[in-house]
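Below is the structure I would like to discuss, written out as structure tokens.
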Amino acid sequence: SGISTFAHLKHVKCLSERDTPFDIGIIGAPFDTAVSYRPGARFGPRAIRAASARQTSFRGFNPRRGLNPYSAPYTIIDCGDIPITPFDNALAVQQMSEAFLELGSRPPALVHSTNPKPKLLTLGGDHSVALPALRALNKIYGGPVAVLHFDAHLDTWHPAKYPSAWPSAQSDFTHGSMFWIASNEGLIINGSSAHAGLRSRLTGWEDYEDDERQGFLRISADDIDEMGTAGIVNAILERIGTETPTYLSLDIDVLDPGLCPGTGTPEAGGWTSREVIRILRGLEGLNVVGADIVEVAPAYDGRGEQTALVASQVAYEILTSWVG
Amino acid sequence: SGISTFAHLKHVKCLSERDTPFDIGIIGAPFDTAVSYRPGARFGPRAIRAASARQTSFRGFNPRRGLNPYSAPYTIIDCGDIPITPFDNALAVQQMSEAFLELGSRPPALVHSTNPKPKLLTLGGDHSVALPALRALNKIYGGPVAVLHFDAHLDTWHPAKYPSAWPSAQSDFTHGSMFWIASNEGLIINGSSAHAGLRSRLTGWEDYEDDERQGFLRISADDIDEMGTAGIVNAILERIGTETPTYLSLDIDVLDPGLCPGTGTPEAGGWTSREVIRILRGLEGLNVVGADIVEVAPAYDGRGEQTALVASQVAYEILTSWVG
Amino acid sequence: SGISTFAHLKHVKCLSERDTPFDIGIIGAPFDTAVSYRPGARFGPRAIRAASARQTSFRGFNPRRGLNPYSAPYTIIDCGDIPITPFDNALAVQQMSEAFLELGSRPPALVHSTNPKPKLLTLGGDHSVALPALRALNKIYGGPVAVLHFDAHLDTWHPAKYPSAWPSAQSDFTHGSMFWIASNEGLIINGSSAHAGLRSRLTGWEDYEDDERQGFLRISADDIDEMGTAGIVNAILERIGTETPTYLSLDIDVLDPGLCPGTGTPEAGGWTSREVIRILRGLEGLNVVGADIVEVAPAYDGRGEQTALVASQVAYEILTSWVG
Amino acid sequence: SGISTFAHLKHVKCLSERDTPFDIGIIGAPFDTAVSYRPGARFGPRAIRAASARQTSFRGFNPRRGLNPYSAPYTIIDCGDIPITPFDNALAVQQMSEAFLELGSRPPALVHSTNPKPKLLTLGGDHSVALPALRALNKIYGGPVAVLHFDAHLDTWHPAKYPSAWPSAQSDFTHGSMFWIASNEGLIINGSSAHAGLRSRLTGWEDYEDDERQGFLRISADDIDEMGTAGIVNAILERIGTETPTYLSLDIDVLDPGLCPGTGTPEAGGWTSREVIRILRGLEGLNVVGADIVEVAPAYDGRGEQTALVASQVAYEILTSWVG
Amino acid sequence: SGISTFAHLKHVKCLSERDTPFDIGIIGAPFDTAVSYRPGARFGPRAIRAASARQTSFRGFNPRRGLNPYSAPYTIIDCGDIPITPFDNALAVQQMSEAFLELGSRPPALVHSTNPKPKLLTLGGDHSVALPALRALNKIYGGPVAVLHFDAHLDTWHPAKYPSAWPSAQSDFTHGSMFWIASNEGLIINGSSAHAGLRSRLTGWEDYEDDERQGFLRISADDIDEMGTAGIVNAILERIGTETPTYLSLDIDVLDPGLCPGTGTPEAGGWTSREVIRILRGLEGLNVVGADIVEVAPAYDGRGEQTALVASQVAYEILTSWVG
Amino acid sequence: SGISTFAHLKHVKCLSERDTPFDIGIIGAPFDTAVSYRPGARFGPRAIRAASARQTSFRGFNPRRGLNPYSAPYTIIDCGDIPITPFDNALAVQQMSEAFLELGSRPPALVHSTNPKPKLLTLGGDHSVALPALRALNKIYGGPVAVLHFDAHLDTWHPAKYPSAWPSAQSDFTHGSMFWIASNEGLIINGSSAHAGLRSRLTGWEDYEDDERQGFLRISADDIDEMGTAGIVNAILERIGTETPTYLSLDIDVLDPGLCPGTGTPEAGGWTSREVIRILRGLEGLNVVGADIVEVAPAYDGRGEQTALVASQVAYEILTSWVG
């Protein structure tokens, strides 16, 4: 069939068709009205699915890990997209929160799974989709989770750091402050979380201080030059451990904009896909209970759809870890 | 100077620098979070300004009309952009409404002008920016105005025509329903307004019935094949007359998407720029008190910036009419 | 759901899932290895589906005709794509022929339909996909059909007109000679078929003579300047009548390449989408039993996906005629 | 062979290899340092040659005229490009003038030709290349020629109309004033020349007055709406007649920038390629002794190379007239 | 001259004009109908030639090696393209095989050359062109050669690994299985060949086992992180030695798709051009008897033609080695 | 305001409005008629300004250095562009020289500044703009300065190295020879200057010999593989010291064209933005008295404006050093 699902996976409209249990659900969050600069990530799910077209169960073996996520006993399906309003962010967050919660609370397909719940891999959408995801995980797992956050940006900014002459409660929710909100709501384990790939401008050192209060370790993009990918991996593993339930949130702008131009708030000096893949492969031991790949804005991508391609590869690496 | 103002006009941050009177103000409304499909019109003002770079007062004579808008006695300035939140549409509307009202209420630069108030030419932004513009005009002119609306779409849709499982008041405000809201608020003269260039799909004939209740004449894109540009002009002039204060609102998608691909909700079968320019030149007699050019989304434009170029030409034709 | 089917229609893998009857099936033919110049039409089905995303049953009413094809009693589904080898054209033709025959031979969904068989709307793919379609129709309808062919090119060229030092039987099958093969096989009613939009270079007048022997009327692109769209419509209706079972084959290159650049063998001087839509709307009376939209090569389209957009509009107009 | 010559014509480096006589020479003028806005036309010759790849002698028959220019008795070759400095316009003009003169002064290939001299079809380059071409024709034909000028712009501007704080003699030579210089030098027959497709802004009516003093008839882009292509043709034929030696100079910006975005100084509201082709085909009776196609700037063209495609079609129509 | 040959080299249509002996021939293979995903590499030769425009004999000195390949005593010419049918792969392979064999069997230009035969550098085209090249070399050198294969993919896949419901002999020949066919035909020295840059998904470890049976050493893209470019060079030199006649086959997708997006089956995580150039420069000692650069698909490249630029640089480095 | 100045800095037309003192002036040099290949850098200033839109004083803190250049006591303004003729390079150089001299000779804004003169950061334009900049600095500082030159190319070529059949004095001034002219004029301290990132083809070793006579140290792009960024930094610091008044000239083509495709003479194998940023941050100790960022040609950039983004980051790093 020529219909674009992620990696040609079976498509079930999970939200409305509730009969098909699954272990891993790919779900699109076509939402981009919480961005501060270039919109367009609402088409991220479509672009990532199209870029995954060469992924198939037939030739899906990952030699870096020695297994094929698509032929594992786990049931992986493409749940389609969450219907999300582009007009009212408060409503949008609610729509996403309920969708994530409902899907994530179902029993998994595999009875003897070590996973008590199905795992969701969200294709963004802007980064703010991580807030409803964390709200859902908090309820599903009965407490906060660690966040492993790949990004050029902190995204833990106090909402007031986006200055506005005319503040509004709804304006607090942005793709740069959703982790601050999440921390404030107690959704993130303070002390077990980490940023990786940071390199943006700041308001000042106080951004880092605030970030620390929220309990994040910071690994900057430049750190890789001294630590190598292995050093990054070790720092993360040491920070999070292999037991802590962890939400893996990857903003595609952690990659260099020369390689991944299709994003909204690009920052020069990022990581390469070779580096990011290596790091992800080193993190198999983490207990990742949910994940997202966000900020793919295809209108800014190249004709070769290089950004979406990296996003689909990241999804594949995450799936590899989940079934391995 | 290499700084991009519209047509190299003098730049004054009108909203904060209130000392410079003007007769015509170009003002950007970088807002696009009321769109139903492709966002990106927040960068419309930047693109239109860049595409106007070959317009100068030195060689600004319009031979179709026999005058140079930039060397007229009127003071035309580029007011920059209205600061608008991209996170909260309710707040955004308020920000725009107040900006339009404040700017439009000032005394004009030219004392003996026949215009009691300065005129604003808004560079959108998505089409919803017309609502705050109409709210401001209603206050400035003390009553409703006619609307001359160039568009492939009606934009008079009842908000409920955008179906949503979870309605919200804020979701009513979209780039397809702002004229419905305006009509409902009594901002539009029922019976003196007109659409030109219509060709979109509908929910059914009831869309037209609702549109008629709001008092619009409908000229479809196909009508030009029988009526010619002169017929279109006559129908509009007959509808609106030369006295009625009129808001001219031009959605760039009235042009064919093959010629103007840089827009969010393109519809095949549109008008050419030659046709649109001729129609605009035939409408000099209208009493246009405010205008906008909206829905230019440069991320979808060609490398030759052809869409923004047409938009800048439309602006030039409107300015020509205003000073002539 | 965010999965791209045509106009958000229900997706059924018709070829393997045979339980769902349908009246109209949209079927992709991702095949482009019979092209003489730019390949890439294998991604035509994906692009046309993506460009149809703003078509929904909710707002699918066609005001040019006064009905909504997606809310008609007919069952319209998206059958996905035919699996077609890109390596062996002989095999590919066989794969397509059998798929078209099998799908087209089923009983329709609507018992009291005037259509004895479901109708297929093929999204190409290069133009050669019309040959297997005609072979299937010949069997389904027990005889030849008329061909209404919108194209800049004749596509009735004798295979020997593509010169090759080393001829081969398989090389005879190209996107420029499939109608010659079809005529030779007796699949086309001689005397009832027509080309519309012709404007390519030729080998000489002998091309036209050969074309006439195959029984085509020729309407050139330039004819519209004298005849108008109404004249084109009349000429076609007079040629084909309203009874003759007709295959409508629309090569997107019938449109001007300035408007529809995303195609493989562009020819300057084509029709506009406004003209093509008008012509199609005038042809409602034809007895179209199958149709295709071919030669959309998205790698050459603009960022605004303007070519695919026209293709999706053409599909919509054909569907409108079919349910009307 | 895969080497890009125009229409796969034989390539001879005419300037250095003087043994091959020819009747018609295609010659590139990769020069663009006389432009006032976007440069890039130096790559026009490469782009036009690439876009001509589907033109061959085998299938080169022009049905609009009934002949194949590439199989005529005339020898048509691709002379390659003139070597032109991009650093010093005074030198560049000299290089082009001498090349045009030397090539155009040779005896033609066909002994009994009615053409005393070979004809050159120049692929620009910016429009200023017409000045050296006219200087050469003046010497070759022993007097001034008529100019038939397709363009959105007059190009007869007095150099002082490009204002500069610091004038310089070399700055007088631009792509907007080369016809003024040519008129001043007596290269153009006053009273027999014509512009077609005009629509740019002016400094004022004085531009037209100056243009009239130079002896041009002005046909604006909008005139086609009343006159049709036939009216345009008649006006031109009446102006120039069929005897006057004429230089045909076609600036690609005469076409609408929506259709031909790949140019440097685009003006909305232009002609379509269908219109331009029709006009050119109506002008077969002119005595065209030299021609150029200029201002194709491929960096601004679409992926479908639509602008270069039109340019290559225009070249084909001119060649058709020349051999017919 | 403005005609695009590789590096402005002299153009001879070698296949038909047999009088010009040469030591090194650049030859285009515009063939892409053996690809499994995006076609378009048929325009690779044109793109690579255009991107080589800044290579000249005048400034052709390679400081990494200390010589200028274009001023060496060797005769290097651009042979143009092999005429290849796009309709019948069996015929196409035959056309290429005979062309490679005929050209490669001629005496070289330089009498006292250490090369008994001229060397061909093929500009692809998809990767399958390596099969006819190897068939020709087998005949010219009287036995198998080693293959040094830069690629993200193995390309030694058993044809059955591309599953098809309907197998056909012709479908066995693809850009992913041509080395399997070559190995099976005894064209490749088992034990002396190597892949470099591997990183694709597999069907399973059996792909590697099959690859080993064919005698390849595998160097993955990730290996460079531990071994460095020097380690890669050493591993290759150790594997192949400096005597073994070797075919160097470089699939442009060995580079990262962020840097080289213009290719058909991109894989994230590739090498940079700095790395590839360094490796190539370290391999001067190899006895390379033929080479190709394949899978450049310009329709997916950036506006800056960055992919074709790398390909032209790779060609330059290979030429440097050949004349050094 | 939506008017694009660099980093939203205050705009003053410094050349004509002389009342506003400044410490650092950003000044555009929209000049590109000294390029040897692709023009288009005249739009570099516009593109870099647009790409700087996310730089603001509010969030302008550079964590790599620990300060915010936009909130320092220094007055940084955007001076707009120098008016430069595109028609006459001799005049253009004069226009730039006088502008640089006049602006650079003014007293700075900050009375107690250690800088006796304001510093100019030029946004090119092609690289030749460095010559007028150096001429101005020579007068302002009363002697030659060191040049720290990031580039793939030497740009110290003797003008005769660009061969021309017809030499002219004006042709000597190019973007490849401006440092040769500067050296000849005694503007560059012999022995204290350095190139970084070299990797182009040469005419031969004599290019290096000539370069040495001009007193440059050469660091090639490949050197970073052995030396690392720290090694590069040390070599530069050792060469130039921390006292020598230095002109920092950064050609964007020092970066890899895969990452920064928007430039005119790209060379494969360049540095990444991560590497370049690290090197710049290591060079804070230099006494940089003027700087440029040149050769950004946005027509060749990607949709994600990745090249201009790196240029704006480089500007930010230079500003950081200047205020630190």
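The letters A, B, C, D, E and F name the chains in turn, as written, and every chain counts its residues from 1.
As a working rule, a residue touches a chain if its C-beta (ideal position, glycine included) is under 8 Å from a C-beta of that chain, and two chains touch if they have at least 3 such contacts.
Remember, predicted model here, so these are calculated numbers, not experimental data.
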* Other chains in touch with both subunit A and subunit C -> B, E
* Repeated interface matching D-F, over half of the contact pairs identical, chosen among A-F, A-B or A-C -> A-B
* Structure fact -> Note, CA centroid farthest from subunit A's centroid sits on chain D
* To do: To the nearest 5 degrees, please report the angle of the rotation taking subunit A's Cα atoms onto subunit D.
  => 180
* Structure fact -> The distance between the C-alpha centres of subunit C and subunit E, rounded to whole Å, is 39
* Residues of subunit C touching at least two other chains -> 256, 258-259, 272, 299-300, 302-303
* To do: Let me know each pair of chains that touch one another.
  => A-B, A-C, A-E, A-F, B-C, B-D, B-F, C-D, C-E, D-E, D-F, E-F
* **Contact footprint of subunit B on subunit F as seen in their complex** => 1-5, 11, 13, 28, 30, 45-46, 49-50, 78, 80-81, 299, 303
* Quick one: which bits of subunit E touch subunit F in the complex? Just the residue numbers, please. => 53-55, 58-64, 66, 68, 228-229, 255-256, 258-260, 272-274, 277-278, 302-306, 309-310, 313, 316
* How about subunit A: which of its residues touch subunit B in the complex? -> 32-36, 38-40, 42-43, 83, 85-91, 94-95, 164-166, 168, 170-174, 299-300
* Structure fact -> Per the touch rule, the subunit E residues reaching subunit A in their complex are 37, 161, 163, 201-205, 207-208, 220-222, 225, 256-259, 261-263, 265-270, 299-302
